[in-house]
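Listed below are the structures to be examined.
Both of the next two complexes hold chain A, though its partner changes from chain B to chain C.
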Partner chain A sequence: MSRRRRAVAPWVPYFFIAPFLLSFALFTLYPLIQSVILTTRQSFGPGYDHYVGLANFSNILSDAKFWVALKNTLTFAIISVGIQMPLSLGLALLMNQPWLRGRSLFRLAIFSPALVGSVFVGIMSAIVFQKRTGMLNQVLHSLFNFDPDFPWLSTHLMPAMIIASLWMWTGFNMIYFLAALQNVDRELVEAASIDGAGPVQRFLHITLPTIRPVAGFVTLICMIASLQIFELPYLMLARLNSGPEDRGLTVVMYLYQTGFNIGDLGYASAIGWILAILLISLSILYRRLSRGEAV
Partner chain B sequence: MKPRSKSLTLNLAKALNYALLLLACLVTLTPFYWLLVAAFKKSEDFFAHTFLPKGDGFLGVAWYKLTLDNFSRIFTELDFANNILNSVFLASSTAVISTITAAMGGYALAKYEFRGRDFIMGIVLAALIIPAPLLLAPGYQLLYHLHLLDSYGGLLLPAVAPAFGVFLFRQAMLNSVPQSLLDSARIDGCGELHCFWVIVLPLVRPMVGAYLLITFLGSWNNFIQPQIILQDADKFPLSVALASLQTAYRAEYGMITAGTLVSIAPLAALFLLLQKEFISGLTSGAVKG
Partner chain C sequence: MRRSLLNAISSLLSLPVSLLALLALALLSSVLVLMRGGKKQEGLLFWSFAREHLRAYVSQTEKWNRAHPDYQVTLAYISEQALTDRMMGSFFAGTPSADMIEMNQGPNVNAWRGPDEATGYRDLAPLLRRDGLLDKINPPSISPWTRQGRIYGLPHDVHPVLLCYRADILEAAGIDMESLDTWDEFFDALAPLCVDLDGDGYRDRYALELSETMHYMVVMLVDQAGGVLVDDEDNVLMDSPVVADVLARLARRAAARDKLTADIPVFTAAAAQPLLKGQVLAWLCPDWRVANMYDTAPGLAGKVKLMPLPAWEEGGRRTSVLGGTMLGLPKVTRGGNETAEASWQFAKDLYFSKETAELLFRESGIVTPIRDYWKLPVFDEPSDYFCGQPFGRMFIEQAPDVPMRSSSPYLQQASEELLSSFTRLVSYANANDPDELPALRMEAQRLLALAAKKVRLMVDRSAFREGSLR
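Up next is the complex of A and B:
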């Protein structure tokens, strides 16, 4: 006879899960419900508000600033992620060569920017991207005779944001691709190579299908993070404004400005819900597309 | 002749591979080098030389032009030592509180059968997709009503047992905590809390290490929450203090870069020490989970 399990007091599992349940109820569920209620209110700071019905949403739809913010955010996310994915996969492939020496040093160097929060990257970028005096233009000028007065921080804020985000996140994504490449069947690759498949064919027919689930997951995570970009442009512009013609305005920055500079938590919540719906639809789309694939 | 030319192309390919990786390293490391040098420059040299000031010293560098003034100024004119302590306190307490409570929750979901377990697991998964910015405005209102604005409680309490951590620990414990071990420990009279502390947590040690690091880093780099919640400058962590320095001392680039260097150096040190745990922890949730 096998040893009998000693009965566990019924309250024990609830004791262990209690911190999560309490924290979830108070700091996630309650604010979540409150955020729905707030979308129907106009507030002046946290203490005073009044009912406005659906006016917040209809105001947002005709709010030119919101549309600029949405356009900027989408442009940023699509271009930034669109460059990051092939770039980080390419770096991971370079790192995955079996004969490579100094792999951990390369990995350490390329991953290191991921440790630096976007606040600090934003503060650095506000200096690095300055025209004439900034490090980037000086280096580009001496290497490629690039225009030293190229105005990154005014009219070309979007490419500057994208460059800074590539610096921050490419190495981070590379780590995921590198882990995924460990799952590629080396024997299969060798067999294909003996059968005369070139590197491109091997990549397309063996490597790519193997890493597809991870690639999909990383793209999703990266899109979700990029659509919530705030600190980077906010600090690149030294918190003064949102750039000429609001070129640096993002959805979360606009949410922050309306909620915490102007004090209308209702309007901010309505913006929050539009963002949430966008992000949740993205997750649902991803689930649909990746159904049946184990990640 | 043929095998030789083949090995030549192979060597060329290898050389190209190394060259591209070195280029990537150069691009990633140059801003760090710039920051390191910038923090030691006098204001008149700050923009005059892209990196080290040129001169007739060793290696063609005017070493005498470098200075520690920027660092002494952020510690004397400003209260940066206090900001460092605040960041260390906030990040370590967030990491410890969040790790213990997330491990507890993960343990309950992975190793006990109880009424409502599947429902709670559903809550965890649903909570994962709620974007943080959505809760900024109502969260602020809640902290206002709880009188937790401008206090560390307002930052630490919401960090208890985040769904993400509960989920990660559940996944880790499903695989690496054998039921038989728990059963025999119970027969030997091991209490449930004691079991959790001396058997379960050591079994998922890599996860504990990685999660401590991830939450420490997350809190250290957190800007928007402390920026909204804290008002008293004495309570500011480095992220918020540095951002206000950027506005208040617009042209003091030396101080700003010295402050940035001081803010990110501890992370670099921590990461160098715990690199392996960190990377395995990062990828474990996504790739194996």
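Up next is the complex of A and C:
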């Protein structure tokens, strides 16, 4: 049966994409342009502002708090992702072993922290990492006579944040690696075994090259998420603001404090754009490095 | 053109039924929402972040509502964070919030960080003068809400601070707490009790609760000594010798070698455990903490007593101040000018009422800032919790000496920087000899100078400060 194609007016396609274009222009493009304009102003909420040119950026450069926030954020991102990736891959390799009994149960158990969400993890960590009354110190003290007053939430805030993030995200990333491992050619692995290749050689020369695009993608995504970290320190520190010596201050947290607590949306926008440039640079770097690899 | 339109409609009609149903639902719900319109608020809305305050206001509000059927007041509890967000959001956007907002000091100062005309609260100074109420208020209670001559809120409290201690343990040890006049005497007397009780190699008992993660305690002790962090004109004064001396003397006691201070999460249920177990022998107790202790540590009844704070120097101030609440009247309300006077009348009736003063004390242990009511017999009632002490009278005796506080919006940043300086100083004391007080003072002075520089940069950055418009 043949169907005759009806003539469609040239504006009809535009009519159909108009809702998206309108919402994109209203909710993405306009705020984006507005945020660039805001970087040149000092504001007290949206109602009162004052043109300051590029002073927000020059102030940021001399703002010790911003540099502390950037240092904390980078430290968190590098260490957290640096531990998370091998740990996730190791767990995925373990969960991929056919001899492991109850794999589904283990997968669920390891993945489940990601289900509860970062807000819950943040609130729970604030209780678990308390001095003396916190569960972690209590358990470590009874097992290893660990100092019950070990200050996780003050001088050792960064390790506490990294532990909490590992607990939350390692299982989530493991799922990506587990999926990637299904693409490893079993025949190739068996052939390599017959040729005398050991487990390490098989992993380095067959498994790793196969999962490399996925590993790169997961690393990039985790890095971007870690550089935007906010809710974990915000909730872990609860009423402590950014903690003593600003040990829990991250770039997004500083953006929130200046924009929403103080009301200087201009300064907050400038911080936001600096972070955006950092993230864009990271993505470009990733694309350069992964050129020619298919995800 | 007509044909194209028909074609478009016919293309649209050829869409699956489910999509058309969704489209119809979207249109219908939009029409319904538009028809519904905004719900008009009736009467006056009163927001507070504290349930115990509201409990004390119920009777007074019912009385008002009976007498003023046109201006019925609705009391609403909103958690502090949510209230801060709503309040600042409405101030920033110039949209109406509540008619009256009862708010804590910490987040409130941001309300007057911008230009004067952008401050969301009405200036109550003319009304207080008109109605002759200014002289009735304890002056230190109004200072945190007074900015460049404007008064942005009615003070709710005084919040004098006393020292609460485990009388059962200390009296059994033969320590006469009332004879300890200075902090040095206090620490020296309690030091022998601060030992490892279970033999695991870690100290189990501390002389004083002193948070190293929250700035309140350190700031309170600096206030007691007369130190000023930032004054009302936003001059940063935190690098003064007075502040350095307090930090040095505290760091000496907080250093790991002979640690006498306990860093516990203050004012939480978890924090009550070390107090109940006798791991902390004394703690700083503003009047509002009494209700907190009743709730979180009922087991301390009959075991604790109160006394004036030990002074920093012989004959020095025996109290300090912690926290503070004000009742502000937003400029923009749903009722506009029509309800503004009614809001003021209600606020005045509530905060200057004898009944509220009594109820507030009974509900929360909070002492009223209205000096005339300090004579009320309710404050002389002995308390079983505090071993028969009339704690209300004890707080009132210290109320006139409560230090004046600044209303600077930079106080929060300065307080955080002060705490950071303190934690760095404790690290320095851990790495050096903590008993070398002159060296500690010198290091404290250096750290405070760096902290002050950071806060000054923040102050100088403001384009809204008078005379700094670029």
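Annotations for the structure displayed:
Note that in this section the second predicted complex is superposed on the first by the 274 of 295 C-alpha atoms of A that agree within 3 Å, B and C clash if a C-alpha of one lies under 4 Å from a C-alpha of the other, contacts with A are read in each partner's own complex, and residues count from 1 in each chain.
Note that in this section a residue touches a chain if its C-beta (ideal position, glycine included) is under 8 Å from a C-beta of that chain, and two chains touch if they have at least 3 such contacts.
Values in this document were obtained by computation on a predicted structure and should not be read as measured data.
In the superposition on chain A, A:V12 makes contact with both chain B and chain C.
Touching more residues of chain A than its counterpart among chain B and chain C is B.
Within the superposed three-chain model, A:L21 lies in touch with chain B and out of touch with chain C [touch as defined at top].
By the document's definition of touching, of the two partners only chain B reaches A:F120; chain C does not.
Within the superposed three-chain model, A:I206 lies out of touch with both chain B and chain C [touch as defined at top]. Applying the stated contact rule after C-alpha superposition, one finds that A:L108 touches chain B and leaves chain C untouched. In the superposed model, A:A215 lies in contact with neither chain B nor chain C. Once chain A of one complex is fitted onto chain A of the other, the partner contacts of A:M236 are absent, as it touches neither chain B nor chain C. Legend: residue contacts after superposition of the two complexes on their common chain; A:F260 is shown touching both chain B and chain C. Within the superposed three-chain model, A:T133 lies in touch with chain B and with chain C [touch as defined at top].
Residues 6, 8-9, 12, 15, 46-47, 127, 133, 239-240, 260 of chain A are contacted both by chain B in one complex and by chain C in the other. Interface residues of chain A facing chain B in the complex, by the touch rule stated above, are 3, 5-6, 8-10, 12-17, 19-24, 26-28, 30-32, 34-35, 38, 43, 46-47, 91, 94-95, 97, 99-100, 104, 106-113, 115-120, 123-124, 126-128, 133, 135, 138-139, 142, 167, 171, 175-176, 179-180, 183, 214, 217-218, 221, 224, 228, 230-231, 235, 238-240, 251-252, 255-256, 259-260, 265-266, 268-269, 272-273, 275-276, 279-280, 283, 295. Note for the complex: chain A touches chain C at residues 6-9, 11-12, 15, 42, 44-48, 50, 52, 55, 59, 62-65, 127, 130-133, 141, 145, 147-149, 151, 153-155, 239-246, 260-263, 267.
Residues 14, 17, 20-21, 24-25, 27-32, 34-35, 38, 47, 50-51, 101-102, 104-105, 107-109, 112-114, 117, 120, 123-124, 127, 129-142, 144-145, 157-158, 160-163, 166, 183-184, 186-187, 192, 196, 217, 220-224, 228, 239, 242-243, 246-247, 250, 253, 256-257, 260, 263-264, 267-268, 271-272, 275, 279, 282-283, 286-287, 289 of chain B touch chain A in their complex. Residue ranges of chain C in contact with chain A, taken from their complex: 3-5, 7-8, 10-11, 85, 88, 91-94, 107, 110, 113-115, 117-118, 200-202, 212-214, 263-265, 270-271, 273-274, 279, 416, 419-420, 422-424, 427, 454, 457, 461-464, 469-470.
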